[in-house]
Amino acid sequence: MSKTLKVTLAGVEFDNPIMTASGCCGYGEELSDIFPLTRLGGLVTKSITLNPRLGHPPPRTAETASGMLNAIGLANVGVDAFIRDKIPFLAGRKTRIIVNVAGGSVDEYVEVCRRLNDVDGFDMIELNISCPNVDRGGIQFGSDPKLTEKVVREVKKVFSRPLIVKLSPSVTDITVIAGAAEAGGADVLSMINSVVGTAVDIHTRRPRLTNNKGGLTGPAIKPIALAMVAAVYEQCRLPIIGIGGIACWQDVVEFMLCGASAVQVGTALFVDPETPVKITRGLKEYLRTQKLNSLNDLVGKLEKY
Amino acid sequence: MSKTLKVTLAGVEFDNPIMTASGCCGYGEELSDIFPLTRLGGLVTKSITLNPRLGHPPPRTAETASGMLNAIGLANVGVDAFIRDKIPFLAGRKTRIIVNVAGGSVDEYVEVCRRLNDVDGFDMIELNISCPNVDRGGIQFGSDPKLTEKVVREVKKVFSRPLIVKLSPSVTDITVIAGAAEAGGADVLSMINSVVGTAVDIHTRRPRLTNNKGGLTGPAIKPIALAMVAAVYEQCRLPIIGIGGIACWQDVVEFMLCGASAVQVGTALFVDPETPVKITRGLKEYLRTQKLNSLNDLVGKLEKY
Amino acid sequence: MNKPICDNPRLLRKRDLGHNYFSYTFAPCQAAGKCRPGQFVHIKLPTEAVFFRRAFSVASVDPAKRELEIIFKIFGRGTKLLSELPKGAEMNILGPLGSKFTMPRRNHEAVLVAGGVGFPPLMYLAEQMIRKGYEPGRIRFFYGARSKDDIIERSRMKKLGVDLTIVTEDGSIGRRGLVTEPVESFLDQHGSSVRLYSCGPEPMLKAVNDLALRRSIRGQLSLEAPMPCGYGVCLGCVVPLTDGGHARVCREGPVFEIGEVAL
Amino acid sequence: MNKPICDNPRLLRKRDLGHNYFSYTFAPCQAAGKCRPGQFVHIKLPTEAVFFRRAFSVASVDPAKRELEIIFKIFGRGTKLLSELPKGAEMNILGPLGSKFTMPRRNHEAVLVAGGVGFPPLMYLAEQMIRKGYEPGRIRFFYGARSKDDIIERSRMKKLGVDLTIVTEDGSIGRRGLVTEPVESFLDQHGSSVRLYSCGPEPMLKAVNDLALRRSIRGQLSLEAPMPCGYGVCLGCVVPLTDGGHARVCREGPVFEIGEVAL
């Protein structure tokens, strides 16, 4: 058997386990100026909502130690413009396309997914029940097991392709939410979304974000994400997409050992847009030197004390 | 009125708002080789338990991006040896001494605090209901409002000096736990303890900590701590001691604006043992240039959007 | 729009312009031949002490030698670390990024208004205009700053031969006052054939924007914003538009038409 | 125990010893006069790319000139960054830290066993023994490493005049094999008047420890551990003791009595 980076999630085959994370690669156009999107295992779009959203006023990002805060506020073109203007471009790329969906109510999630169910050109939906930057919806769903199960169940009724549920780290026990998503019928779990945080400008005495708080991402949160992936891997049968602070191939191996079958790269795309390409190159070399045939042989192979 | 760094918490006056955090300054002896402890507002001891504890086997720390993981596992001499061997040294320092107490059961917390109530030479107890590194007790208390209220209430019955309750960040809503601690009779809240996290050695495929996971601390977690202090300040009347990633005087001002009346410095002591001294120097200069008489004028003065 | 290139040139020349200003020339830069005035590059500092890249306007290029120049002032941590890099340091540069200044027609009066570190892209614009055949003496270059120390590259500007008016707030060189004052007088003397180009601190841009709108003068402003990605994917750098929408400073900008942005 | 000092000397001399080994001399170091063989300094790299300080044994001092030398090999990120510092760089050094080697009595046979980068503190010990009047030729210095490239400072050792036995695993210089082999023969010829001193990789220390215990020979081992604080407050660097307890490598160690630590 020849070396392969291929991974399969819920029956969908990915050329490699590296996806770009929601909100960190727009709808793909800008990134495709930097490298051909075929180099990616998959691309996850910015969160799509029923209606277009401007998001919060600037400033809506801030730099932190080994990371950043953002409170973009789900700025997006809305599902109809997305289907009309963005899907055609994405459908033409030879990579897996995952549409991330957010909503302020179960009905909104369901309606967006229903409309998406009618169109081709993408492979999966990722349900964002973990956005820390909106008042209604988002994290509110992802921190309540009952709501989680309900929104997943309702969406599964209207959307027939595989469904990824994206979990929030800002909960007491993420395995409970993971279990609820599984019970609702999720096919795959992705984790983690950003961690609630803030920063203050001591000169103006104002928060550095107009939303007063935001989501912390980047290498700073990698240890948190790894612990949560490991915990959910032990409790839950669904495949896991690891997210949080991934910036190099070694990080991907760490996540896979903890139980992730694939990963998403977010903030690192800002620091170095070529990160995914560098990672897949590194992983290929790793397979070679480790005499492994497939990355699947790593998943969950952490040897705990 | 002359410029002062003095702050008062639950009736206890501190020369300045800078304390060294539990587990990051031992029982004070080693730090006193580096600067006179009078330079500190206060010192918080390593967590004390009923019986001596060796803690987890090494490795029990790991370096991360702008931070570290630890799973020391509450290594300490036990309350009796602490009272016999450590208090005499601490009692002689002209700074406020806070004894941090941990336990595996309500009874253990109560028993340790009862024994401490009988001795002089320290000013307050800080109840660690948030240690991520032990199987029983610790974080288990700090993530359950009922247990939090109960342990605080029971301890208050046997300990007559002011009580600080130290909160865990690894919860869905820290304001609920803060409320429970207040209901139980806490005098002061301190937050945050370390955030659950892990790291993997990809060569050995083992966790970097024998405890498999640990607590993330250092500048990486500062945004998380700030957001939690701000949230609790809005919901709760108790004075707050801010903890998490503090490394310079600007960080202290950020925490105070968010609502902290004082702060603790932990991990930064490892990177630069002189951090507290540098911070108080910076704060004095800040008062001067800002024409402020007291740091109290900053507390909670964040101008939210 | 040109596709941005991820490149690893070296710091070829490091000129200390005094008073915390520096000119850095990088080579070989694949992007050198593609950068137009107004566009910027996004630089990763070879340290993890600052997390994001930092954006710098292109100040000049030498396509033949594949050289690219930026000029910056030490402002905060990022630029301080940048200033400490040794000659020869390997850089990581992404560019060209963002929108360009549109060259004026020959019959337009070009008025360039630079404030402080807004100077470099306008110097590059002037240089390119001249290269394209625009008469140097007809380029009205208003250059304002706090004081003498913030007025850089005077001999270079003299060589270019533009009609230079220097204005400082403390009068330590040139006219005393705000740069918008002589600009206003000039606009009052010349009609709508003027094309305005401006880059500098936001209050100045706002004043220029207002001056122009009141007189229905067209032109462009180059804006700044904190830029996590610099190439359009994070939506972090948006500014509100007068039509109620948002635009990305890194993609639709940094160069916007006068009147477009709600300043 | 001497109190550690937080100090900001400069990197005065930087010697490339080849094959990723470097000798760095810092000055002025307030601690220079206080560092005894076996003690270490904790160095903050002037970058935020690695978070913790890094520990290095003192390799020599010149108290009069307030100079302090360390010798290190590039191992991971920390030492790589250290190796890239330019001469003159301002350092942040905490020290002296930890326990010391106890000098042997005149009538003891001193056997020093160094493995790889465990060499510097033993070189310092030998030098200090000689300074204190111990006859150089009676210092049995066994120096083991993987290959020739890992044997450094040979001429310096020759000058010291110790009885040097070099052992490499590949035989590229000196004896071929493990350093513990000739040590064992030596111990078999000399009795309990021997004092052993060893520093190097853990498997070697374990072997030395066992050799000595079997023969009831006394001596000391210098250990390594990841050290978040280096001065005893974090409890991160502990090693298990044979009596069931834990000891801090940074405080009770790095120098422990043979038999003390459960290796």
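All chains are identified by letter, namely A, B, C and D, in their written order; residue positions are counted from 1 within each chain.
The criterion applied here is as follows: a residue touches a chain if its C-beta (ideal position, glycine included) is under 8 Å from a C-beta of that chain, and two chains touch if they have at least 3 such contacts.
Just so we're clear, the structure is a prediction, and the values are computed from it rather than from any experiment.
Q: Taking each chain's centre as the mean of its C-alpha atoms, give the chain farthest from subunit C.
A: The most distant chain relative to subunit C turns out to be D.
Q: Between subunit B and subunit D, tell me the centre distance in angstrom, where each centre is the average of that chain's C-alpha atoms.
A: One centre to the other, that is 36 Å.
Q: Take the average of all CA coordinates in subunit A, do the same for subunit D, and state the distance between these two points in whole angstrom.
A: Inter-chain centre distance comes to 48 Å.
Q: Give, as an integer number of Å, the spacing between the C-alpha centres of subunit D and subunit C.
A: 55
Q: Could you say which residues in subunit C touch two or more other chains, in rising order?
A: 48, in rising order.
Q: Listing for subunit B: what residues touch at least two other chains?
A: Where subunit B meets two or more other chains at a single residue, that happens at 64-67, 218.
Q: Report the topology of the inter-chain touch graph, choosing from line, ring, star, complete and other.
A: Per interface graph, the chains form a ring.
Q: Touching pairs of chains, all of them, please.
A: A-B, A-C, B-D, C-D
Q: So in the complex, the part of subunit C that touches subunit D is made up of which residues?
A: 47-49, 86
Q: Under the definition above, what is the set of subunit C residues touching subunit A in their complex?
A: Counting only subunit C, the residues touching subunit A are 1, 3-4, 6, 44, 48, 50-53, 92, 94, 225-226, 228-240, 245-246, 251.
Q: Which stretch or stretches of subunit A touch subunit C in the complex?
A: Contacts found on subunit A: 23-26, 29-31, 33-34, 46, 54-55, 57-68, 70, 72, 75, 218, 267, 269-274.
Q: So in the complex, the part of subunit A that touches subunit B is made up of which residues?
A: 64-67, 69, 143, 170-173, 195-200, 202, 204-207, 209-213, 216, 218-224, 226-227, 230, 245, 250, 253-254, 257-258, 301-305
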